[in-house]
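These are the structures in question, set out in turn.
In the two complexes below, chain A is the common chain; its partner is chain B in one and chain C in the other.
After this line comes the complex of A and B, so read on.
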């Protein structure tokens, strides 16, 4: 044992000093000290460089070095404080230097990000008891996600990216907050009136037809190939026709959703029904079980992993279908309508706000179905763990 | 179950399974395969009959014909005096497969309840049969476990309990212990023998193990391949309440020797 541990230790720096992210962060901060934070236009109209705040740099370096020294919770806390304080100060200052940020700014941003990275990797290695571990498991993705937004904000504002190309998250957030009634109305129109009914109708129709296909061999040979062709129809081509047939209201959106999700449900359910083993089917035969008994007690439960695959795929397909369908005609409300009209008016923040709502709705819908799946297909080897 | 026509109080020598000149030919792309050829066999009530032979001799196919999982293409067969299909529809037999074939989404007790639900028995009757048969295979206490939480031997015992829960007079077993290790197999063989002595069921048992066949059976049917046919039928006179020690006796070795000779002679050396 002792031989192995001894040989695995490389010569050189002791274990706790080998943290390249920290050293890189310190290097960036020192370099930032000698580079301008931003260029501010003077009274004469000539841009003057603004020095990086040395106090901030010293604090960052001190925090970094101290975190290496203390490998305990104290070190984590120091890392958290130094990286987030720096980021907070930069975030506070950046609107003043919009589009005029210098290398000092970017290096400071990079070093605080590196420290946060180091913090997350240190936190991921911790093993705690019970509730604390759950909290930690939650904190890690939250810190990670916050930093993504933070970097997005700083890069867009600091580099002065045009608003139309990519608005900063703060502006999207503000837009969401002030347009809540509008976004809620869009969500109702698209999701509650279009996606959900279409999803229920499309999935049930796919399932019922799968049972018919299973029961009637003629359908298996005739309908499946035709259905295959139907599934290859481009949604962009079908959507305007559905709008023509079913009008601007939710009816046409439901139709598009049904067309999009019917076939994945049908194919997966048919495959699931066919997946029951020969021995399990013979067993039912020895019990003189009827077709419906065999279907209910063997083939349907056995097909559940397949069916839930389709339900999950369809949850996202349905949302896409309803939004795209609204591009081709809708009342003056709905997520697809909002995206297409506000984009035309170059209100990109509202477009992004709608995208955020769609992403939230879509992933919640998907997550909900995945949760039900875990409860129902607990017995499947993939879920047993 | 009501089967007045199936349970005539005849003599104990009444044959449960009567097979005359039975043949089965599978039509394949490479031409016909003669799985069974001119089989004659009679199995009396209360007998423990083993079908033994090398792979491809049709022993499993013969069992499947008895269970109406395959249809014969020639000759006649009756099970309980009626056709195999009628016998199956009357749930006249319990079938134990090579693997346990328990449904993974059902707990052990729900697995045993499966045939009882299909038969439409009352909840009370179901529960009493589940408890009784779990006890018979020594699995009491494992009702709420899922099959994948049990060992292979326990799973196979549960599948035997499931076959017994139907309360058939005839038990068809297709190499039920083939996938288990020898120690577990010995143990289950002993339990099966006790079960047979206790319940007085007729058992048809497919195996490729000579010691297993000799230890369990009252009659051994030696089969040979290409085409599958009956080579020899050997009566074993071992006492009904035998234990594993019987395998050391000269009588046991003598029967085993005859089975081995039969297998050797029946084997065509063309492969």
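After this line comes the complex of A and C, so read on.
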């Protein structure tokens, strides 16, 4: 951000060497050389400090300096290799030092992370053509996400965080692979039997009511403020009531989902119908188009961005509604049930596995709708830009 | 997002109700609300009638239709309590109990509102901070923004109880864990809104500041921040509403001690439907008040900034 002003003021260091991240990483690595990597218990039971491997440090520093020397793709590659190789080696070593990691370890981790950050900021400055740019835009958040997992794993294992509090991602992954049938059954119960039917019913109900209300401006004026207020209400609180009414089965989950997503759909659809411009409406009038023709040919397509906005908001709301409703009562299967019972039994890895499944389901659902939106509202400025 | 007309709860109390009633939104809203109450009554009668019939059969009573309807609306533990039952309970627990007593709904609302507000403030601060970083650092925008969006597809509300219990195990108790849930929920709309807001200044204005050789710090305070305020308040309205929801859900696992969420839970344990509904209405009232409060702050700030606030926002 401020590199332009900085270059005009500070004399001395050549331009390409003014990389605070690089210098910080080098500083961290040099300090790490003099600090213990870990404290391992010796034969006599006394913890002995273990020296940081100097080869690793040299590699980090070499990678850092080389990346500045080569501003091209070669520099990026060297940066990538040095930071990720170090991280990989640390990851490989960390189980042996579980809970005994010293300052050297943390400093090395920090400096490899700093180099990865430098890599990401260099990558984001690149401008490529077409397909390659899309790939790059995809790679940047993926690197970021991988580092998040990596740091999680290292901190949890290295600092010896109790398993009950936060299991490392590797363990969660193993648990997912181990209990796939169980997770699949939960997914079926909650997502396929609860979320999906509720989503379809709720969204169509909101849409149908919006179409009906559309003919009566009076009702429309009344429903909009009420609907807007209802979207701000803690509607999720009806979950216990619905469980009382419809029992522990999927019925109550569907009901909660329908109630939660009805108003966002209604409000957005009504707003969308109002979005068609007067010019276009007049044009339809000159064509002597009937109400339904205008609705189908002009106002519905115009309302699509709004409708998809509601569909996207609702996709996450529906999942939340179904899971929370399961806290108030469910058969012995389902994601909400799994989270609450397994946590009670301190099987935190299974809880996190369920959360991972829920997150994956939620993002996939959202992503799918966003994809359909792109196909349908290709004409909208936000999709073109 | 459905944020634009959220000022509606405050719009009904503005002066000149009669003139607004004829052309504005007051009368239609009234009709819709009355309609909802009517549907509620009809639903209450039909849903409670099965139980009432079996009650009558056991007592060998043959009530007339009017009597029957009357008794369906005044059951002790109805499937769906009638509006006046809920209103009575609300009145009783709000005005007839000492505020400090555990039977007072005001006390429970207060217990919920404290973490709501704290979480909202923390979420707003975090949201603004993230937005500022995202706007100023290109690599952060590219790497962070997709994950911020993904973070919201994770049903955090669904794991809120677990987060609370984990924090409890570490020794973080009381206000903070609930506030953290509220914060997690409320930072998102603020971040998204503020990124838009901080980018909203005209290219012309940005260029002008560049010709003044303004630092990015100066550009931020003199141009970006003021022009982002409308966006900030719009997102704050959304954020404060979800932060209340977060606080309510976060109360569920604490063993139903105090707060609106605890009221909901204990109501569902003991089949006290009237209790649940009055807690729900109280929560709705709180939400409306909080959103209205942000709306008032919004108007005040805009007036201070010299903007003419037009009627009917």
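To be clear about the criterion, the second predicted complex is superposed on the first by the 336 of 385 C-alpha atoms of A that agree within 3 Å, B and C clash if a C-alpha of one lies under 4 Å from a C-alpha of the other, contacts with A are read in each partner's own complex, and residues count from 1 in each chain.
Please note the rule applied: a residue touches a chain if its C-beta (ideal position, glycine included) is under 8 Å from a C-beta of that chain, and two chains touch if they have at least 3 such contacts.
This one's a predicted model, so the numbers in the text were calculated from it and none came from an experiment.
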Touched partner set for A:298, first chain B, second chain C, both or neither: first
Touched partner set for A:166, first chain B, second chain C, both or neither: second
Chain B versus chain C as contact partner of A:279, first or second or both or neither: first
Which of chain B and chain C A:379 touches, first, second, both or neither: first
Chain A residues touched - chain C or chain B, whichever exceeds: C
Partner chain(s) touched by A:233 [first = chain B, second = chain C, both, neither]: second
Chain C-contacting residues of chain A that also contact chain B: none
Residues on chain A engaged by chain C in the complex (per definition of touch): 1-2, 5, 117, 120-121, 123-125, 137, 140-141, 143-145, 148, 164-166, 218-229, 231-234, 236-238, 240-241, 243-245, 263-264, 267-268, 271, 309-310, 313, 315-316, 319-320, 323-324, 327-328, 335-336, 339-340, 343, 351, 355, 358-359, 362-363, 365-366
In the complex, chain A residues that touch chain B: 277, 279-280, 282-289, 293, 297-298, 301-302, 304, 377-381, 384
Sites on chain C touched by chain A in the complex: 1-2, 4-6, 8-9, 11, 25, 27-33, 36, 47, 79, 136-139, 141-147, 150, 152-155, 157-159, 161-162, 165-166, 169-170, 213, 215-216, 237-238, 241, 244-245, 248-249, 252, 260-261, 264-265, 267-268, 271, 273, 276-277, 279-280, 283-284, 287-288, 291
In the complex, chain B residues that touch chain A: 67-69, 88-91, 93-95, 97-99, 101, 103-105, 114-115, 117-119, 146, 148, 166
